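When the chains are written out, they are named A, B and C in that same order, and each has its own residue count from 1.
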Amino acid sequence: MCTPSTETPALLVARGLSQQYRKTNLFSGSVLAVPAFEDVSLVLHRRTTLALVGESGVGKSSLARCLTLLEKPLRGELLFEGQNLLKLSKDELLPFRRAIQLVFQDPTSSLNPRLTAAEIIAEPLLVQREGASGLRHQRALQLMGQVGLPMKWSDKRPLEFSGGQRQRLAIARALALRPSLIIFDEALSNLDIESQELILRLLADLQSEHRLTYIHVSHDLQLVSRIADECAVMHQGRIVEHKPIARLLEHQDDPYTRELFAGMSSVESILKNRFAEVVP
Amino acid sequence: MKYACRRLIHAALLLVAISFFSFALAQLAPGDFFDALRLNPQTSPQTVEHLRSEYGLNRPFLVRYLRWLESILHGEMGLSLAYNSPVGPLLLVRARNTLLLTGSAVALSWLLALPLGVWTAVKRGTWPDRMAECAVSTILTVPDLLIFLALLLLAVRTGWFPAGGMASLGANDLGPASKFHDLLFHLALPSFGLALVTVPVLFRHVRAALMEVLDSPFLRAARGHGIPEGRLLLRYALPVAANPLLSLLGFSVGSMLSMSLLAEVILSWPGIGPLLLEAILARDVYVVIAAIIFSSAFLILGNLLADLLIIASDPRIRME
Amino acid sequence: MTYRHKLWTGLILLGGIHTVILLAGFVAPYHFATQYREFPFAPPTRLHFVDDQGRFHWRPFVYASPDSGSPDETQADGKHRYPVNFLVQGCAYKIGGIFPAHRHLFGVAEPAEIFLLGTDEYGRDQFSRFLYGGQISLLSGLLGASFSVLFGLAIGSIAGFYGRWIDDVLMRVVELFLACPWLYLLFAVRAALPLHLPEWQVFTLLIAVLGLVGWARPARLIRGVVLSAKERNFVLACRGFGASNSYLLFRHILPQTYGVALTQMTLLIPQYVLAEVTLSFLGLGVGEPMPSWGSLLSYLQQYYVLESYWWMFLPALLLVPTFLAYKAVSDALLERVGAVSL
């Protein structure tokens, strides 16, 4: 991964994003407001990997959904390649939905069990009306090859695949529209160690080949330290620290972050274990 | 307590909505009570019109609705065109009979279904269980209509039971004890028939609820402590199974109504059913509306009662 | 019995019953309105295989005296044998209401008559009326249930998918419909419509009435399915690519409801057939001379019929296999699709 240079404009800039979930009690009329995250600001450069860590329930998934435009935050700005996405109408957002993709934690629930693998992968193309059905099928097969799934399995249904293979399907689907940014919401948490390794290798290959930018939402610090360039730590709905990973591992400013990273082994041993392409 | 009040208000609003819609529905019906009269060539159109205005049938919809609401306050609920008297008292008598029938049928059906359900749940898999399931399946498949007709046939052929009515001729002259006995005699067949058609569903639910409790860990632990089966059943299993059973009680009371209509008509029990049928055929519109409201009220209150009973008995729900 | 056995037994039985009823004109020896005033309340014609000389015949026959032609004769003296013929020419009818035909499955030569289930007050063959009546009752059930389920599917999907105030309003309406006991509601809606109408209009009316009464419960169930399907991750993922609401609804969410909808259909059809039977029984269904299973049974409400003419009960018994078959199918489907709550 290349060091982010200050000349190239950032891919994604978030400023002051806040989200709340409101529940209105019909009878008493009272409104219960549960804050998800507050005043989140991020800068993401191309071809880097950002890790978003924190304990469960801290608002990471909520943030991921907002960044993928699945939810609308209460306030703030979200600039993608200079455009403020939150000000755009539904139709204007359509091209941006191609550029930002989300891979979910549980591949079983994120794939429709009644569709075949090829149909699932080609669906984004269908929704965005790209190409005729024959072309879409071809592209689906091609993507299957890229993620390491045999093309002859294109007629199988998701439940016939293993967990790791299903996640590959989800990744293939995410690649269909040639995105610039892929957000992984705890996408490796449900997999066993072996599958995790395979998928991480795949992701690294894909990132260099397609010039992708990644955001990994995770609670697994070991994992994160192996693949991320930068790391943002969330605590109680706010980002308390955001630094390049090597500096973060050496020294943590925030007390919460210190606690989080307390159990980690020495910096050198971690950095030795990183993926080949990733150099601090 | 607050919850009960809220539910009662909700129920009242629901009934008002039902009354409004029944009124509107009746308004849709082409023709009215005086159609038969109109067809008679000897009656002049002016007479018909005069009669209509006398009964207020030519007023606009909202006016009639409001006046009808007002009449409820007097306990009248509109005027029966056929009987030429207020609907309220007419309905009350019939309602009492229906309640009597439904009440006794509910009691009877639970008396049959509860022990049977508990017993087969305890002795599951053995042949009594399978036989009971078979019998119940049969009753379920045979349409209620046929069951009532069969009972009527039984009454007519054997003469063991009266084939209709609520009291024998000259019953008024008997003393209170004999009167009561006479009533029971007449009540037996319709009540039994109604109970019979409800037992299958009840039985299944009782059995399922009890089986679930009997399988639960806490009961197995209690058994492991050496507590005798009888006590286990009575003091441990039944109270826990009471929750789903109570909601079932409310539901059974309410659903009994639809079937009681049929039973009353076939077995000639003078309840709301035959009254409604008569009113429909004669286009006695206010009676029809009143009958709908009464039966809906019964259903709603039955469910409400069940909900309140559950809350009173299950501490977990109270905590919420 | 495994669910497969149940399902197929039920379906085959249903298929058989429905085919026979559909071909009522062919299977029935008489038209439903033909009256034989000289044979009121005649008991079922007895079929014989052995004649008075003790000879066995493969083809069953009936006894009738050549001049009066009255059936129900068991003695042979003075009576002639009239064998039952198959594929005979008879009165005209229309298959499926469209194709005219003359051939009937079986019949006997004049002047004998073959009343397999006896006759009613006007001398009309009960067996033929039973078959024709089945057309009305079963079809009402089928169409009425389809209407209810389709309507419930539409309302439930809209309420579940769009949520918020649409959901609130629709569910209040559902609550309103569910607050009335269904038979009373049925009667009320029936009462709102004209009582005496030409046949086919009453029929369509009946279906509309049935459909309007029963849509509430399916709607609520389907709303539940839609609500949970809406939140599934694969729907969210699809939203992420920019799928429109209608695409999501038709491609991903509605297919999840088909299982429930189908099960509801098989549960509702027998209930609706019964509802039609009840309405006709009480005189609120199709009018004379169109028979329905209910109107056939309505004679039993009269004492003298109940007491003396036992064969009038027979149509009732023939109803049971139909309901059994429907129950088998719906039980099998419930097992497969999963328990459906109240």
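Note that in this section a residue touches a chain if its C-beta (ideal position, glycine included) is under 8 Å from a C-beta of that chain, and two chains touch if they have at least 3 such contacts.
Predicted, not measured: the structure shown is a model, and the values here were computed from it.
Asker: Could you tell me which shape the graph of touching chains takes: line, ring, star, complete or other?
Answerer: line
Asker: Centre-to-centre on C-alpha atoms, which chain is most distant from chain B?
Answerer: Taking each chain's C-alpha mean as its centre, the farthest from chain B is A.
Asker: Using mean C-alpha positions as chain centres, tell me how far chain A is from chain C in Å, no decimals.
Answerer: Taking the mean C-alpha position of each chain, the two centres sit 57 Å apart.
Asker: What whole-Å value do you get for the distance between chain A and chain B if each is reduced to the mean of its CA atoms?
Answerer: About 59 Å separates the centre of chain A from that of chain B.
Asker: Centroid of chain B to centroid of chain C, CA atoms only: how many Å?
Answerer: 26
Asker: Taking the touch rule as given, give the residues of chain A at its contact with chain C in the complex, in rising order.
Answerer: Against chain C, the touching part of chain A is residues 26, 68-70, 93-94, 97-98, 101-102, 104, 106, 109-112, 114, 123-124, 127-128, 170, 173, 177.
Asker: What part of chain C is in contact with chain A in the complex they form?
Answerer: 168, 232-234, 236-243, 247, 252, 255
Asker: In their complex, what parts of chain C are in touch with chain B?
Answerer: Residues 175-176, 179-185, 187-195, 274, 277-278, 281-284, 294, 297, 300-301, 303, 306-307, 313, 316-317, 319-320, 323-324, 327, 342.
Asker: Going by the contact rule at the top, pick out the chain B residues touching chain C in the complex.
Answerer: Residues of chain B touching chain C: 14, 17-18, 21-22, 25-26, 28-31, 140-146, 149, 152-153, 156-157, 163, 251, 254-255, 257-259, 261-262, 265-266, 276-277, 279-281, 283, 288, 291-292, 295-296, 298-300.
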